[in-house]
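Quick one: this structure, given as structure tokens, is what I'll be asking you about.
Labels run A, B, C, D, E and F following the written order; every chain starts at residue 1.
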Amino acid sequence: MSPQERYGTQFGPDITFLGVPRCTWSDPSTYADADVVIMGAPFDGGTSHRPGTRFGPQYIRQTDYLPHDGSRPSLALRVDGLRDDLTVYDAGDVQMYSGDAERSVRDLQEAVYTVTANNAIPLILGGDHTIAWPDAAGVAQHLGQGRVSMIHFDAHADTGNIEFGSLIGHGQPMRRLIESGALRGDRFLQIGLRGYWPGPETLDWMAGQGMRSYEMTEIVARGLEECLTEAFSIATDDCDGVFLSVDIDVCDPGHAPGTGTPEPGGLTARQLLDSVRRIAYELPLVGIDVVEVSPPYDHADITSALANRVVLEALSGIARRRNGTPWDPRRPLLDR
Amino acid sequence: MSPQERYGTQFGPDITFLGVPRCTWSDPSTYADADVVIMGAPFDGGTSHRPGTRFGPQYIRQTDYLPHDGSRPSLALRVDGLRDDLTVYDAGDVQMYSGDAERSVRDLQEAVYTVTANNAIPLILGGDHTIAWPDAAGVAQHLGQGRVSMIHFDAHADTGNIEFGSLIGHGQPMRRLIESGALRGDRFLQIGLRGYWPGPETLDWMAGQGMRSYEMTEIVARGLEECLTEAFSIATDDCDGVFLSVDIDVCDPGHAPGTGTPEPGGLTARQLLDSVRRIAYELPLVGIDVVEVSPPYDHADITSALANRVVLEALSGIARRRNGTPWDPRRPLLDR
Amino acid sequence: MSPQERYGTQFGPDITFLGVPRCTWSDPSTYADADVVIMGAPFDGGTSHRPGTRFGPQYIRQTDYLPHDGSRPSLALRVDGLRDDLTVYDAGDVQMYSGDAERSVRDLQEAVYTVTANNAIPLILGGDHTIAWPDAAGVAQHLGQGRVSMIHFDAHADTGNIEFGSLIGHGQPMRRLIESGALRGDRFLQIGLRGYWPGPETLDWMAGQGMRSYEMTEIVARGLEECLTEAFSIATDDCDGVFLSVDIDVCDPGHAPGTGTPEPGGLTARQLLDSVRRIAYELPLVGIDVVEVSPPYDHADITSALANRVVLEALSGIARRRNGTPWDPRRPLLDR
Amino acid sequence: MSPQERYGTQFGPDITFLGVPRCTWSDPSTYADADVVIMGAPFDGGTSHRPGTRFGPQYIRQTDYLPHDGSRPSLALRVDGLRDDLTVYDAGDVQMYSGDAERSVRDLQEAVYTVTANNAIPLILGGDHTIAWPDAAGVAQHLGQGRVSMIHFDAHADTGNIEFGSLIGHGQPMRRLIESGALRGDRFLQIGLRGYWPGPETLDWMAGQGMRSYEMTEIVARGLEECLTEAFSIATDDCDGVFLSVDIDVCDPGHAPGTGTPEPGGLTARQLLDSVRRIAYELPLVGIDVVEVSPPYDHADITSALANRVVLEALSGIARRRNGTPWDPRRPLLDR
Amino acid sequence: MSPQERYGTQFGPDITFLGVPRCTWSDPSTYADADVVIMGAPFDGGTSHRPGTRFGPQYIRQTDYLPHDGSRPSLALRVDGLRDDLTVYDAGDVQMYSGDAERSVRDLQEAVYTVTANNAIPLILGGDHTIAWPDAAGVAQHLGQGRVSMIHFDAHADTGNIEFGSLIGHGQPMRRLIESGALRGDRFLQIGLRGYWPGPETLDWMAGQGMRSYEMTEIVARGLEECLTEAFSIATDDCDGVFLSVDIDVCDPGHAPGTGTPEPGGLTARQLLDSVRRIAYELPLVGIDVVEVSPPYDHADITSALANRVVLEALSGIARRRNGTPWDPRRPLLDR
Amino acid sequence: MSPQERYGTQFGPDITFLGVPRCTWSDPSTYADADVVIMGAPFDGGTSHRPGTRFGPQYIRQTDYLPHDGSRPSLALRVDGLRDDLTVYDAGDVQMYSGDAERSVRDLQEAVYTVTANNAIPLILGGDHTIAWPDAAGVAQHLGQGRVSMIHFDAHADTGNIEFGSLIGHGQPMRRLIESGALRGDRFLQIGLRGYWPGPETLDWMAGQGMRSYEMTEIVARGLEECLTEAFSIATDDCDGVFLSVDIDVCDPGHAPGTGTPEPGGLTARQLLDSVRRIAYELPLVGIDVVEVSPPYDHADITSALANRVVLEALSGIARRRNGTPWDPRRPLLDR
């Protein structure tokens, strides 16, 4: 593969995530020192209902009232996960043509693989959840089939087989990942499922794969913290790294209205941010995606702002994990 | 009463709740095998403030991103409360003329009574809360005055006497039900009250009736689960069935903005869904209404989606109760 | 081709255009007496910017405050183009998978061809403008290559060659139609172009094809009526019928905000309705599509309502043309 | 009738139209010197579709970015129709219970009659169009049956007979006015009709009454100015005064989205304001209502702002007419 | 200072908070018996991002579906904090010119000081948080420098030094208060901080002042109730009164979207209301402000409604504290 | 003045107008070949009502569905006014602190003057209309007092004297320009005035200055084209250049809802674009501003899109004027 020109962003002005420096994914020399490389995947051709996630990358990158100066010192963790304590680049978007899911998925996997192979953590901004297939498969392509576990926040299992006559879509990526051998079903941890999909047949398939899916009634009955701790121990058992996939619809529609298939009864924004922080701080993340933010259905940008913070909590957690100092959430802010 | 032609829906296209089969309330032969008959009551002439609930039935019926195929297998309860494990029909709307509350209320009670008398549970989609009077009175007309208890989710007591010079309105149905003898005041359980209405005089009347009203500070201080358990024991004491009336404004405006008289500080959507599931699973429901969804004030359909799920949780709970197998919310999804 | 089961609608409840009767496009016996068959093409995978037109068919079908009774007597034309003076069916949607433009386009053309071959006028509700290719090509497949002229209302020429690496998309259908020989470039009449696209190269290609494109400054300077009259004479010169393609963005964004690529400075809603009425009354229409209505970007349903009326004006005009009585817009309403 | 206490406003804070002084309609001593008395009629129980006009009076009164100081010097007419050149009071609302159309209509007529009988022009802020019945009937009750002509701006004829089983509603006021003898059918001038309602039977009834209805195609073909001039001559033929009823939906939904039954293809805001100015300046107005403003469906208050300006144009026109100086719209502003 | 004429409200109609009586801040005789005087400070010139809080006073005053009758009996506390159990006036707005922060701040401090000096508690409706400087400084001007502690609900510390080249702005009031000596840094209690601002330098300054800031991870880990109890003991140590400053953005954007700098992961509306009730009931409040409500970014008025209830909870708590009877939130509503 | 570092944009990501190259206003070497230099002035501290124009520069720069590639070939004029036929830079924003109007105005004038003095046409993106003072004064500072005429599109005269106690604000810039001698009153052409402001005293002052203000009734009565032609001849009489100031509220709120003080009855978007094209093509422009776009009040970005096109029409007109070929709007697009 020869280096290409940087593509930039597919929609709107050519911006980067809160102003971090640019790089070109196909030219590793442009991010040789990177800890994390952010990429946009503005694809919404795979959604089964409300589209709009093609504008997810733009809005996740830009929705913040603070100066877009490439720096974000975390109050909670007392690190700057965007500049001082982590090296982060934004490679722009991988061109997605929503009318051609197959090509889009193929091109994205190549980009994710390239970044991983060059020792950076890929952080992909969706787009609909279709992209989780190339995202996690691209990471596994380098780290080894079955060597990466998955922590998957979502209202939906995304383990459908065929939808609208296609194997590719936002309801099926997890099935494709397991069926292809990229990820092991018994290292697949799902948090926040609820509602009325999928049906028994698919649930049986999931059980057969050894998946561990935490439906919301279990989470409420046992407590989110306990469920997470249990999930963490599975995720780190005989795997070399963890991929974190955050579908913003894991949150209640009151906290995240701007999404395609909102399912009432989800996590609060606070719960999601606290969970992502724990994961990034406690687990060896090797890839991340944040998906299903649909700005046309948002109000006052609250969903985009939440997704922006999910990214920052993940980066801050990674940074704090790397600097090696212990962290206690009970300590007063001004003592941390 | 002779069978009439099916009225259909009063506003918009003639749809049914997520595609369940049609029936005609006045012709019991069309729903002889029904467990539940859904009816719309698109009345908003009784609201004291923001109108719009006339579109509640349409939006509650249609707001779901899944196929409208008349089937909804519940992840939480592992039953299909819409098709496989319960027989549900949609009778369309009872014509409501918002400019004539008296006639609307009278016609609705007849429809509810007819459904009940033919051994189906009526599930009425409001409309403003005015309709709780004919809804519960119609059930009691068949089951017996004072034989039905009420579990009433709401930010407001709805026990006003006269508003805008009228005995009929969305702030008064509970008073009419008790005063008429249809329901007993001391089997009236209210969950979620808060705010600044009604005043002392009405509260004294309520106390005099023996009502049990759980205001939000009590619910927060004692815990919702404990309050519900206590309420359940009252509701089932010397009564033959329970009517469940869910005013969507029991939820916080952040979770349910699309309503007429939003009162900050309410339940989360999650709490409401968990409560409704418990009620339908643990108690002998004989009638249900879901009211005060006002689509013009909604955003991204989140309030309508919540109300749609309230209906489905109720149906799923009834279905699981009927199939008789025990249910433990702590069990993993894929083991249920 | 063997008759298939009716597909229904792809999104939301299974409704028809204002309640007209259902038919199945693949089973001509279900619409043997049809004058017009309506079909939805809920495809938005081809849009270059804001998506959402997949919900166009649903909203165009249902956005009307009058009863959905399958009847609409026109005040302007004094005919009922939905029932009494024309026979209209709704075949539901042709399944479109937005992630696979190629398959979607192929399937749609087959449906349009089938309807045309069975002597009904196809009226397709988009969807983005990608569908104009299969729409007009399907008609030409039956009536003969180059035998159908096109009147095309749009802010954009839609004559691009390749966008996002694809030949198929909402900016290219008109080029595909001409390049494939389905339509003649010199019988292509475009009304309402404006703005800053396409560039000189594409304009040169258009000129080379003999297209006649009325940009808005010409329309303002000469008057819309004069331009239309001129266009009509070209459209009916050595052609057997006229296809009418209405991109709702031909109207000013103030009149049609709910669209994907709004270009300021367009026609008023009144001008569009008057034009469509003239066309349907004066010209031999053989196919119609109404595209680019994007409900997520609409407000108070005004764009959907306008598109609904575009359909009704076309149907009313066809009906009045067929009944053969002369019509004078200057006559008082109560004398018509 | 004995004077009652002032009712104030039914919804929200007790404000007056842009700060004009308060009066009590039932106590004529409070407005003895009035030229015009404004009253709100916040009734939306009669609407056949989207409600919300109950908030019309509040929003029409308050939607203006200028200080609410009870003064508005008109640029176009160079008079202050709110204070210096006309004496205007605001009587607050007449209590409307939307759940009881009959009582609401009866109480409103009494208020309008009282104001008229005390030599002030009533200007009623709706509310849905149901109120035109009591509005114009109240004026005729004093001035004499058949002595008042009507100029009626509307997309709809509002001459229905029975809707939803009721004689009272927003689609029927004009029929009630004519049937009751309050107004003469042949002095009924309708401007702006369009769309698909009512059907032939009702149109025949209208023709039988001698009504003169200007449908939009006639207005476009002949020009609005010519139509108005023709209508004025009918309106002033053997009548003692003119009632002006402005349904905001006469304007195109692009200019007035906040209404209940928007019909595409209407007048521009500019055309409506120019027409109202002409009417108030050229004709002897004896009553006015401005109806069908539905704030829940508005955006950025543009519909409320338009209705506010309709009121001000009417008042300014009356003021200029009374001061007797000739007015030429072609004269430069700074020469007027 | 000589009494001036009452200014009224700066924007929109001249209303008072839910209809309480008017007073003039510069004329103490108009509020001689006041417990609390409400004032609006419609200033948004100091915001660093989304403006709109200039309409905060109008919307906080008017957003309530109940009659605006100057009375609000609290269900939770069984007192009427607006009329029967507390004497409350509304002085209208202090004129704020957003283009001149310096003058605005100076004029507001004078008004607050005057009210305090006349023995009423000032309750200021913002406006952006810039106003906390004059608000608390005005109170301290009378009660003594360093004699008033601060409980500050906010997502942000608001302890910036210079922003956009100015010492005055909504990110700096707390620094100005401490630097000027008006308040002691070690009696400054901040609740709800989170996110990515300010940076280390400012945090060091805060630590140096002895501030106690409860970041959200601490609040989640320890529990809000425990944190509040601890904060209360600091606030009442060697101080004569407590100022309560509530920035509505302390709540999660799902509960309070209508604000300028929304930071995901905040308190629920319920938590804020419960906290304010406790504070007003348990602590000796000497001043209150409620700020950062930005109606242009609100939906269905839910943020304004929340702020209205924050005011009412504070007033109700003060009233209950004054009547001296003990209060137990666990007691049933109808026994309180 | 020594060159400073480029400031970038004050809010959001650092973008330029549709991707044109960056320059630094204080370093003329960065735009030595410029025809036009775009600058943002994100100031909304001077607005008398709805704020939000601080986001005008961001939204005007970015609201376009086409690629942000720094090129825009005009269909109407067949030139590329952004790249091929004109050299355009974007200098980013001049920092505006809305809380300090005086400083903001002073800094902006220096920037405008500098650009003008270096032979580029300044094109300023507002911000509220306050900025017209420094904009036009900065140009006159170089070209000479009284040597520049003004064409001013607006609903409002903006000739107020003192508002909210200040000489600086969005209702007063035109008075300041004339009083300071920067512009001559008798070369001041105002187009589109209407409504109820200012009052007689200010109108008298305007008449005394010899201003020529075209109120909308005159424009409707005489025709916009005729009025423009007349205005052009005044503007070019004994002046060396023309400043064009476009307040987006000159358009009807239906076309431009996103503004602070919307006045019904304005121009259509089409009329404004046609007028701006004529002006840029026919007159010697020396400066331009486009102001009062308030994104928080916009819907579907239609107002921002209109303002973006106003800029492009101006640039295209200048480019076509410079290339010297005659232009006829009546010529077919493909012949131009």
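Quick note on the criterion: contacts are C-beta pairs under 8 Å (C-beta built on N, C-alpha and C of every residue); 3 or more make two chains touch, one makes a residue touch a chain.
Note that the structure is a prediction, hence the values are computed from the model and not measured.
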{"item": "Contacts common to chain D and chain F (chain labels)", "value": "C, E"}
{"item": "Between B-D and A-B, the pair joined by more C-beta contacts", "value": "A-B"}
{"item": "Euclidean distance of C-alpha centroids - chain A vs chain D, Å", "value": "56"}
{"item": "Interchain centroid distance [CA atoms averaged], chain B/chain E, Å", "value": "38"}
{"item": "For chain A paired with chain F, centre-to-centre distance based on mean C-alpha positions, whole Å", "value": "43"}
{"item": "Chain D residues counted as touching two or more neighbouring chains", "value": "49-50, 252, 254-255, 268, 297, 299"}
{"item": "Listing of all chain pairs that touch each other, if any do", "value": "A-B, A-C, A-E, A-F, B-C, B-D, B-E, C-D, C-F, D-E, D-F, E-F"}
{"item": "Complex contact set, residues of chain E against chain D", "value": "12-16, 19, 61-62, 68"}
{"item": "Chain F-facing residues of chain E, complex", "value": "11, 44-47, 49-52, 54-55, 95, 97-104, 130, 164-166, 168-169, 296-297"}
{"item": "Of chain B, residues touching chain A in the complex", "value": "65-66, 71-76, 78, 252, 254-256, 268-270, 273-274, 277, 299-302, 305-306, 309, 312, 329-335"}
{"item": "Touching residues on chain B, where the partner in the complex is chain E", "value": "48-50, 193-197, 199-200, 203, 206-207, 211-218, 220-222, 252-255, 257-258, 260-266, 268, 297-299"}
